[in-house]
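In the two complexes below, chain A is the common chain; its partner is chain B in one and chain C in the other.
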Partner chain A sequence: MLEIDALATCLSTPACLVNQTTSGLIIGMLLFLVASGVTLIFGVLHVINFAHGSFYMLGAYFAFTVYQLTGNYFLAAAAGAVGAAIAGIVFERLIISRVYGQNVLMQLLVCYAFILIVDDAVKIVWGAEYLAMGIPAEFRLPPYRIAGGFVPPFYLFLVAMAVIIGLGSLYVVTKTRFGKIVRAAAHNASMVSALGIRVPIYFALLFALGCALAGVAGALAAPVRSLTPGMGLGILVESFIVTVIGGMGSIPGAFLAAIILGLTRSIGSVGFPLFVDGAMFMMMALVLIFRPTGLLGQGTLR
Partner chain B sequence: MKTSDIRPRRRIDRRTVLKGAVGVAALGTGISGFPAYLKAAGKPIRVGMPTIMSGRVAILGESSVAAAQLQINRVNKAGGIDGRPLELVVRDSRGKPDEAARMTRDLVNNEGCDVILDAEASSASFAVNEVVRDIKKFCIHSNSETSSLTADPKNQVPWVFRSARQGIHDAVGGGLYAARVAKEKGLKRWATVSPDYAYGRANTEEFMEYVKIFAPEVEIIEQTWPKIFQPDYTENVTALLNAQPQAVYSCLWGGDLVAFTDQASLYGLFDQFEAFAVNLGDYPVITAIKSLPAGVHSGSRYHKDIPDTPENEAWYAEFMANSKVLPTNWSWENATAMDFIIAALKATGGDTDAEKMGKATAGMTIDSPFGAGGKLTMRDSDHTLVNYMVGYSKTISKDPYVVDFKQTDWADIYKHEEEWKKRNGYI
Partner chain C sequence: MTSDAILSVAGLDVFYGASKILFGVDLEVGRGRTLALLGRNGAGKSTTLKAIAGVAPPRKGNVRLGTSNLAGSRPDAIARAGIGYVPEDRQVFPMHSVEDNLAIGAKLGPQGQDFWKLETVYETFPILARMKERRAGLLSGGEQQMLTIARTLMGNPEVLLLDEPSEGLAPIIVQAIADLIRKLRSMGVTIVLAEQNMHFCLGISEDAAVIDKGHIVYRDTIQGLKANTEVTKRYLAL
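Moving on, here comes the complex of A and B:
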């Protein structure tokens, strides 16, 4: 199962090292964007948004349509974020807010119903066929050669965007008035409400921010991922692993866990190719046993 | 008061009751004495079709239903089977074996379906196979390519058939083609990237086995197995880059193949290796990839030019005019299944008895736009389809997307299939 020779050869070869390290970062950063939305919503609202993958999917489809209409990838990415945020507000106000405080099973059922409805809606609107946006013209460049390794320019852009957006959302939640209000409401909604602040609106906006993160991740990745109804499910599982390892509610934790998981996938594909998924779940199990709050988690948003 | 309006009630006497009883009995006996197919005269013949209509591979189910319905519309327009129209009853199993089995029973018991067209993927097909053997309903498996479904005598009964490609046929065809290219271009170091589940592993193993049989100098230096529906293939792409093979084989399919191709293109992977992808030729895949790399060796799926005949071109045009999705490999397989069902029903005069339909179908050859030389045969010995299009083409970046199709000679396939069957103890 272990391919020690292959791993040793890879780690001692600059080209392989570059390939695997950069691929780990690429995998990790897109996971981070999705997982940060999950962790943000959980940290404040104490709701595990099992339907988060649907917003990732919606972001990708919205971006696809806008890209078809305008040919502008950056506009398409923004549309993916905004579209997912609007869908998130609708979902939060009409559906998930009705099960706040109820047991997890009820939340899970509500989310699962939403996933099925959205998947079918996507099939009706965009069809069941695989759609692909294609690499935007500005990124159709040969890969950079670094120490013999290959680094695609498009992936460098994705990693940079993920870091900027992740830091931006951390700033919004920790440093702005909006962030302070939602964090206060998370601790004591009644008290914040008594101060004349309409807590439900802030909760809806926070939910929208979380969904926008999933949406922008879907939109940014759309050029290299096929769009199909149900595409959110695959990313959802991995983003939950990131969230659990990083700590439910911790954005820095999600960042750290995403990098760890990305590198596990990329290095693991060389050193233990048959146990890559197993290693990820094993890490999650170990974290749950020895540090149930996650690497940087404290149960609520820091 | 008009008393004339009031009539005395007619008494029902003993004789009247007896006459009535005799009449009812006679009528009842007469009806039950009729042959079943005469009783059903004019009643639609219902074909139950469990398939996948939702989720990531919904397009496969949708393109299957569209194809089956197309053939049904044709026969109904021509008057049906001795005046009885055919009716398709579709159920969405979401590809789950337990659901597929339950729905098959439901289609027969509650929907009154007389025939089953099993348009499931392999895992669910085996579940449907169990059911139709048990309840004895005529069935054609239209999509499962797993060779053992019909090759293994344990799965064979007189009323069950397969109209799909068979893995071993494609493995021999692909192996012969790839070995020829390997010899021509000196491709010795091979890698594979295929989905990590039963189909992916079995298909890859069979393909590489035959490449090595026909070109013994070939060695496999890297195998990477992405999970089915994996969103990100970067780790697999870089694993291939690190191994630096001369050729790569993949049986990724559907949206996964679209995503892999786009992600691999970012690394310039197709400029570095000779690539073979058995499932690339499906229309929804090949049209979805925005920058389709040229020169990739693509296995035959369904294509309007393969075979390059007016009949196939006409079928494609008719399908496109009646379907909201593009045709897939599953489309021609389901159109073929329906053609065999129709032909069997015509042969039995509309009698849906499983044994009679099975007898009519075994060994039957039909005219088909999808067959080599315009003919397809349901082989008698193992109830599987033969003489369909097996071979490889090369991709170009625009319509018609694949060119230069090389058909594998069926004589070669038969020869190696027989050896394979002997090796596996099937004959």
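Moving on, here comes the complex of A and C:
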């Protein structure tokens, strides 16, 4: 099962190392964006958004369509984020806000219903077959050669975007008035509202921010993954693993855990191809046993 | 006083679940005056303030600020209408810095008043200026009390509801809080002060109302109340 030779060869070949690291980072950054939305929403609203993968999928499809219409990938990525944010506000106001503070099974049920509805809606609008966007025109350039490995320019863009967006969200949550209010309301919504603040609007906006992160991840994934109804499920499960390993409510934790998981995936595909998923769940189990709040988590958002 | 009342409360009934806590509570507070709402443990002081602030919505009755009726509105709308509420258990945001606590409370008053901002608050509460970077959860009880009052003032309220600001504090801190309330009064802030301790209110408020088992049983100036030993004995256990 363990392909020690292959692993050793790859780890000692710079080209292979560069290729595996880049593809690990791609996986990791997409996971990071999705997971930071999960973690933000949980940290503030104390609700696990089981439907988060749907917003990732919507972001990918919105980006796909806007790219087809305009040929401008940057516009397409923005549309993925904004479209997912709008869908998120609708979902939050109409559906999930009604089960805040309720039994988690109730929340799961409501989210599952939403997932099915959105998957079917995507089938109706875009069809059930696989769609491929391909590398956008802006990035059809020769790959960079780094230590013998090939790094496509779009990959660099993806990683840079994820880091910038991650830092941006961290800034919004820790430094802006919006972030201060939302973090205070996470602990004591009734006191925040007694100070004159319309807490439900802030909660809806926070939810939208989380969905925008999933949407932009979908838009960034569209050129490198195939689009299919139901594509949100796999990344949802993995982003939960990231959230648990990194610590609920911690964006830096999500970043760290996503990189660990991404590299495990890409290097594992060489070294232990049959045990990649197993390794991820094993890491999660170890974290839950030895550090239940996650690597950088403190329980809730602070 | 009736004519220049800025806050008037009439016929408030409040229930917690099935139990009735307030029975037709009436109060009037003149502009720029300080009303002490006195009563024993469990008399209904906090519930009255919560009902005015909308935190414990009344089932019946009116809460008038100026001309608008606020009973039944959400707490945030009542706060924006100009009623600032300082709860008895303080409820600072413990993980936020002192300055962030203040910033969260910041807003204009209902008429666009902007007197209270960080500078004026720091001038009035020098102790908070010294601690502005500190996490609010690390402050002492007295400092937290100062912070909650200041945080509510940052919203430029027309009426300030203070729920037992002296509770559980050392005598010297209680003195500091009393000085602060006097200072606010001299700045023209209208205050409703819920208290068990009449002596604390003596040098602070002009008017007094006594509440017992959810009924307002006495209304007078605070000096009149002090002189009425029958009432103070019966309802305030003095």
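Just so we're on the same page, the second predicted complex is superposed on the first by the 301 of 302 C-alpha atoms of A that agree within 3 Å, B and C clash if a C-alpha of one lies under 4 Å from a C-alpha of the other, contacts with A are read in each partner's own complex, and residues count from 1 in each chain.
Going forward, a contact is a pair of C-beta atoms (placed from the backbone, for glycine too) under 8 Å apart; a residue touches a chain by one contact, two chains touch by 3 or more.
For clarity, every value in this text was computed on a predicted model and none was experimentally measured.
Participant: Touching A:Leu167, do we find chain B (first), chain C (second), both, or neither?
Facilitator: neither
Participant: Quick check for you: in the superposed arrangement, does A:Ile117 touch first (chain B), second (chain C), both or neither?
Facilitator: A:Ile117: touches no partner chain.
Participant: Does the superposition put A:Ala147 against chain B (first), chain C (second), both, or neither?
Facilitator: neither
Participant: Tell me which of chain B and chain C touches more residues of chain A.
Facilitator: B
Participant: After the superposition on A, what does A:Met191 contact: first (chain B), second (chain C), both or neither?
Facilitator: second
Participant: Which holds for A:Met282: it touches chain B only (first), chain C only (second), both, or neither?
Facilitator: neither
Participant: Which partner does A:Val199 contact after superposing on A: first (chain B), second (chain C), both, neither?
Facilitator: Second partner only, chain C.
Participant: Determine where on chain A the residues touched by chain B overlap those touched by chain C, and list them.
Facilitator: Touching chain B and chain C on chain A: no residues.
Participant: Help me check something: in the complex, which residues belonging to chain C touch chain A?
Facilitator: For this pair, the touching residues of chain C are 53-55, 74-76, 79-80, 85, 87, 91, 93-96, 100, 103-105, 107, 151-152, 155.
Participant: In the complex of these two chains, what residues of chain A are touching chain C?
Facilitator: Per the stated touch rule, the residues are 177, 180-181, 183-184, 187-188, 190-199, 302.
Participant: How about chain B: which of its residues touch chain A in the complex?
Facilitator: Result: residues 54-59, 62, 223-225, 227, 229-232, 234-239, 241-242, 254-256, 258-259, 262-263, 265-268, 284-285, 288-291, 324-326 of chain B touch chain A.
Participant: Chain B touches which residues of chain A in the complex?
Facilitator: Checking each residue of chain A against chain B gives 10, 13, 15-16, 19-20, 23-24, 26-27, 30, 116, 119-120, 123, 127-135, 140, 142-143, 149-150, 152, 154-155, 221, 223-231, 233-235, 265-266, 268-270, 273-274, 276-277.
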